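Step one of this worksheet: look at the structure below.
Should a chain be cited, it is by its letter among A, B, C, D, E, F and G, assigned in written order, with residues numbered from 1 in that chain.
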């Protein structure tokens, strides 16, 4: 089994299965924080996938994408938590089904 | 957001990210990146800083109105587009300097155009942030 | 030549930037905008002049040869549109001066508008409009559409009243869907032909192995431009929104924006999608009939002047589209002529409506009355565009209708001609309804402020009156002296009917 | 030889990411989910990046990757911290088997800060066995 | 000739200002305009009577062969003289009638505007120029009928007249264009030569019908006659001028003018005769039932117009001569009688003949004008009316088919007319004086001069018919019938026709007395009116408004999603229809080979996310699912060689989601507001739309273009544009203009967001201040 | 792969349409965003869909040496994404304003401008 | 800190001198630079700290690395097995760190270590609240673990 095949048939599937699981959490919530954690993780998985891609196609350019992805994930987390705390918490109770 | 951890982290991150954004901008012509992403990164850095340190602090290190960035960005892009026109070529003709600056390469109208894009994106995103912050 | 071609796009942007940097200084903004609008007017005329003298003008942005870069092309049709836009811009610039100074009548918040970017937005909208007119690239047209749209979104919502927000909301959402269709159409077309340059598309479209697919893709453009042009049954955004903004904005919208859609329809359906005319243009024909009819009927039950006028836009769009559908030189010339006439007349009617509101106190014709006695000159200024819209000879509207009807009769499309004529009659009915109510009927006394309001030529209203007179004079000129205007329209039509002229000019270097 | 290292680190990373994802789904409260997800952000991604570094074995790329890792080290914990902090401020419920909460009722809504911890007095009150 | 027209219009525009400057003399002064034109036209009689035809051509719109070509022949000159001559009298009359009226100046303006337009109609040789003037007469008529626009009835009548004549006009326009297209010219003088071609053309019938629609509506022929009596809301001078003497005859004029082109077929003659016959009988009969002076005159005008159409329909030299003569007579006496009616109204304050009597003593000169007109009207020798009536009977009795029926109809009509002549011209002046709202004084010269002049003219011309016979009537007949006319003569000897005339008079007197009985049973007529054409008009208008309201409520119902339904219906409908029509479904190829597991899974996740965005019960979960879709798109970009796109998509998606959450935070939960029926319908629609798009993509993928312009970018990106990231080079160089637009949009969005929020907040502040 | 993407595009399009047809204002904007994704993917799919062949010229080369992805659709999509973002941002804020003025998340309550 | 920069600078000079820009050469250059610095500063009391800085840094990193792996495996095991071994809780850990940088570094290190998360710093900066998934029966033991472990190492590196 070549490295390409290994990545294509093991690494990437594992990562996408992770995405599926994360997605379930994104959808289930129940609170906004849960979704934020999940989306955050989703971006992390994205970075992982990009790393695998960099190896797979021998393209280094994806690395910098990772950096921006990390920045994005961080920004969204901070923004969400910021507004979440600022906002009216009572409303979130509706969200806790 | 009164968290010393966040505050400290963003203060450390801001210069790094701004530098990184310029890096993204400059190398955009050769590798993935460019003015748009660069501008976004810069504004994200700024957004982080604003959220963590409050709009007052942010205003202190960023005294210009975002509109100034919009106007200067658009003007720069437009001017670099019109340079060709003044030289008798069609508008938006790329003009390249001969001297190769280290790390940047030759100065060129597409580069300035991209810088214009960077400024506009930065101005727009910052304007969003400030407006939404003001809204509270 | 390069400069004059790009100027209608670049200059409004420059003006927009200047006014934007004068954000808080109303006086300076007004001054800059008025002077700028005049320069813009000159640019519009210069472009027209160059095109008339030199034929189709082309410049390749970025100096990249034709199908690769973005071509900017001014044929007679584009030049006409650009010129009229500049005329409208000038009229609106003047009208804005006093319509905004007098804040208490039109809207409490109106005098704050400049502070919220009224002039920059207006100018950048012109940039988008002109871009759409001048571009020779389909995707670039999408970009200009968006420039135009987003400025119009903001302008539409500028006062932020509830009704306005609601109107804007509908306008925005429907237009976003239209943009999506545009984008999909461009994508599919690129897949089929591998190019975006419209001239190149016109060539490559014949090389598509399955021509039927071209026809399918053409439907996307009928839909997306149809929405922008407000044809049946895609017009709903227009009557929902056009009556909500301040009148100077409503006027420029009513005059210009739908015409951009019509322009684009005419452009692509005379240049690119002409491989299956029997199918595509028949569909357009049906659309035009329904558009005319449904639009005019929409107006019949309305009482708000702006609503009546809005519905009439739709019906008049039908005529223009009819010209395209008939697809003969006369018909296309008729459509072009119709556009010229309609922009001027419809914008003027909105401006007059603004004066009626100011002087009579309401947009609702039931609440206004007796204006023919209190403001006889205003009455004349209403009658000119109103009768013109109704197609009363020899005003401009008559000729427009005449060309289209004649073309229809020559093609033996009797039914559509019947619809067109019937709609003409109903238009007359609507216009006279406004006249009967607002001008003839005794003042119902519902708006008591009348005594306090100075006349048409008072210092406070003079800048509102001047553009109205200006536009009325244009209408009368077109009406009484149609020959040169027809010559130009005919020239435009000839170019449109013979796309090879356009194609050769644009692709000149390549082929 | 290097290829095996690459594969090894990739595998480690992918597996830990998968585990973190499962944890995210399985854990009973937000704090635990967060804790589970951190392992992906640190261990998982880091090992994958190491794999990339080994694969290219190039100084420029090494610098890039070091940059990414440093950046992650700077941001991931801050993000997690913010998540935890906010969740607690809002009062998102903790798992019923949570044994202790020293932060309870420490939040000062006016200054958006947490009051200091008083060891003796409050320790007993706050200690509660589930 | 053009100068004349231009002067007329200029005078019309100047009139209000002249009146403002010289309120006392404006009327006198403006009378000079029509009078001048009349005098200018008079000398042309002699060349015309020698058979000459003057053609003058002014270029106007040569590209479309629409030019101001004027023709002066018998027909146009006769009409032009009537228009300008009576015009002069009317303007003069109006200066007294409307003396001191607030809108007197405007009135002159309208009147002169009309007169000039009418001159344009009768003098035009170009049918389109004619149409232009024709419509102008409609508009001026509208303005004049609505002159007393404060009353609802005036406005109603004005609009009615405009819509009826305007509608007919539009039909006529189509007819004229068709005729021009068929005949190859818009000039009547050229079309005359094409007559056989036009008559023989398959479009002849539509042309005829369309033109007749124009003529019939303008000339108030059955069933379009109803607008004319209503038009009597106009001031009396207007009624005298437009609605009896001139404008309403435009239709007759047009028929006469186009007679050489269109006549000769059975359908032409039968249609004109039948409709003309019905109109003349009906108009005359209805006139009997009226009590209002002006309404009586209005219905008799309808009848008279019917007679003229009837005569043109009969054709032949007798009929046409009769028509032309009757036209002149009618203009003289009807104009006079209207002026009389106006004077009576002006002096007494009423027009109800039941309330009028014995005015002879108070208004002697008016009486003179009235009785002269009435004699001419009744066809009593030696008045011109007698000459005309004789000619009519001559024409009917000599007609080759059904002479008896035609003659009986003509006689009957004339009997009614005689009766009305007595009602209008005799009844108010004789008998006992009845108290009227105003006590009649001696009428000023402005009021009596006109009627007397017209009455005397009727007498003089009747006594010496040769005065107009050679100069006007015969050339007119030549123009209309392309044949030698009948010379006018007062005395034909003791013929059976004279007997008919006597019978007519006797019958007229009898009908006059019978009329009182008829009027007592008006209820019957009122009921009849309920099924008449005016009711159709009302129903049509009401129906229009109702239908419009319904239609608008149906289409423009305010529900955004219904608008989307329409758009989608068009989208799916058009595309699917085209796909079927062009039989493209067979070309779909689906190929699922070469897909990696993770790619498929990613697609599945995205679809699941999209689905859960739909099914989500809370806003946040929906937004989060949307975020997943967006990240998925970015991953696809990244997987398939678009790193720049992936970067952008990731950042943009995050920003969008952040924005959405900030905004949507106020909305706690989606309420379940759509019914199950709606949701399933929408589901079907959306799936259909989705399938359509999928099919399209598959189809396009199966027929990719051979060459793409991108090769150029790949080859030149580095060499010519010094950039290795081709996408970026395209963005900033190859297609920099796109990016220019793009950043403009961005800036605008920033301004927009600022504006929206800022305006809103300042508005809120205002509200708060108001509350305080 | 293109076929799969075609199905994805259709699915996204269908979801977008379904969301747009809902009465909720918020769902409408979510629908519009989905629509934008569908459009971008459509253009992307119609360009060349290849793995690991970004349209970048290798350092030291003057041209691309192998078949790479079509750069033009990518540039178009990039422009479209940015424009879409700008418009969406404005729309989101607009929708918030509309929502605040109506108070209910229901487009059926927005009929005043048509009455 | 200054010396670290100087060391890196020296490494770069080494790269420039050898004209061989790769990772191993950089590391080699770094070592050479370190040796040079050691040689220069071995008598200077203040500067000498740098010489021990690296060992301390590595010691900290090693400990951190160990903790990360330990925590990851622990939680990973917990996740993949059906039974829960978790005993979570929030504890207040008294702080010796004083400056922003110290506190932030400690907090981030705590968070980066799987199983623990710094939730907040108290107003007076006397305590850091830490969420611990595997709290010891004796809470003090968990507190000490942080205080004697990470905090000590960090302060050693930073002071």
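Convention: a residue touches a chain if its C-beta (ideal position, glycine included) is under 8 Å from a C-beta of that chain, and two chains touch if they have at least 3 such contacts.
If you're wondering where the values come from, they're calculated on a predicted model, not measured in any experiment.
K.L.:
Would you pick out the chains that touch chain B and also touch chain G?
P.N.:
D
K.L.:
Pick the chain whose C-alpha centre of mass, unweighted, sits closest to the average of all protein C-alpha coordinates shown.
P.N.:
C
K.L.:
Between A-F and B-D, flag the pair that has more C-beta pairs in contact.
P.N.:
More C-beta contacts join the chains of B-D.
K.L.:
From the mean C-alpha coordinate of chain C to that of chain D, what's the distance rounded to whole Å?
P.N.:
Centres of chain C and chain D (C-alpha means) sit 58 Å apart.
K.L.:
Please compute the C-alpha centroid of chain D, do the same for chain G, then give the distance between them in whole Å.
P.N.:
Taking the mean C-alpha position of each chain, the two centres sit 16 Å apart.
K.L.:
Quick check: how many Å separate the C-alpha centres of chain B and chain F?
P.N.:
25
K.L.:
Using mean C-alpha positions as chain centres, tell me how far chain E is from chain G in Å, no decimals.
P.N.:
Measuring from centre to centre gives 91 Å for this pair.
K.L.:
For chain B, write out the residues touching at least two other chains, lowest number first.
P.N.:
As it turns out, chain B has residues touching two or more other chains at 1, 3, 5-6, 9, 30-33, 36-37, 41, 44, 67, 70, 74, 78, 81, 91-92, 94, 124, 128.
K.L.:
For chain E, which residues are shared contacts with two or more other chains?
P.N.:
556, 558, 560, 564, 639, 643-644, 647-648, 651-652, 655, 659, 662, 666, 693, 697, 700-701, 708-710, 713, 724-725, 727, 731, 733-739, 742, 744-749, 751-754, 756-758, 760
K.L.:
Provide the list of chain A residues touching at least two other chains, using ranges where the numbers run on.
P.N.:
15, 17, 19, 38, 53, 61, 64-65, 67-68, 71-75, 78-79, 81-82, 85
K.L.:
Each pair of chains that touch: what are they?
P.N.:
Contact pairs between chains: A-B, A-D, A-E, A-F, B-C, B-D, B-E, B-F, B-G, C-E, C-F, D-G, E-F.
K.L.:
Hey, which residues of chain F end up touching chain C in the complex?
P.N.:
Per the touch definition, chain F meets chain C at residues 20, 25, 28, 32, 35-36, 38-40, 42-43, 46-47, 72-73, 76, 79-80, 83, 86-87, 90-91, 94-95, 97-98, 101-102, 110, 112-114.
K.L.:
Mind pulling up the chain B residues that touch chain G in the complex?
P.N.:
Its residues touching chain G are 3-5, 7-9.
K.L.:
In their complex, what parts of chain E are in touch with chain A?
P.N.:
Those in contact with chain A are residues 596-598, 601-602, 604-605, 608-609, 612, 616-618, 620-621, 624-625, 627-628, 631, 634-635, 638-639, 643, 646-647, 650-651, 654, 657-658, 661-662, 665-666, 668-669.
K.L.:
Could you please specify the touching residues of chain C with respect to chain F in the complex?
P.N.:
Contacts found on chain C: 139, 142-143, 146, 149-150, 153-154, 157, 160, 162-163, 165-170, 172-173, 176-177, 179-180, 183-184, 186-188, 190-191, 196, 239-241, 243-244.
K.L.:
Going by the contact rule set out above, which residues of chain B touch chain A in the complex?
P.N.:
1, 6, 17, 20, 24, 31-33, 37, 41, 44-45, 47-48, 51-52, 136
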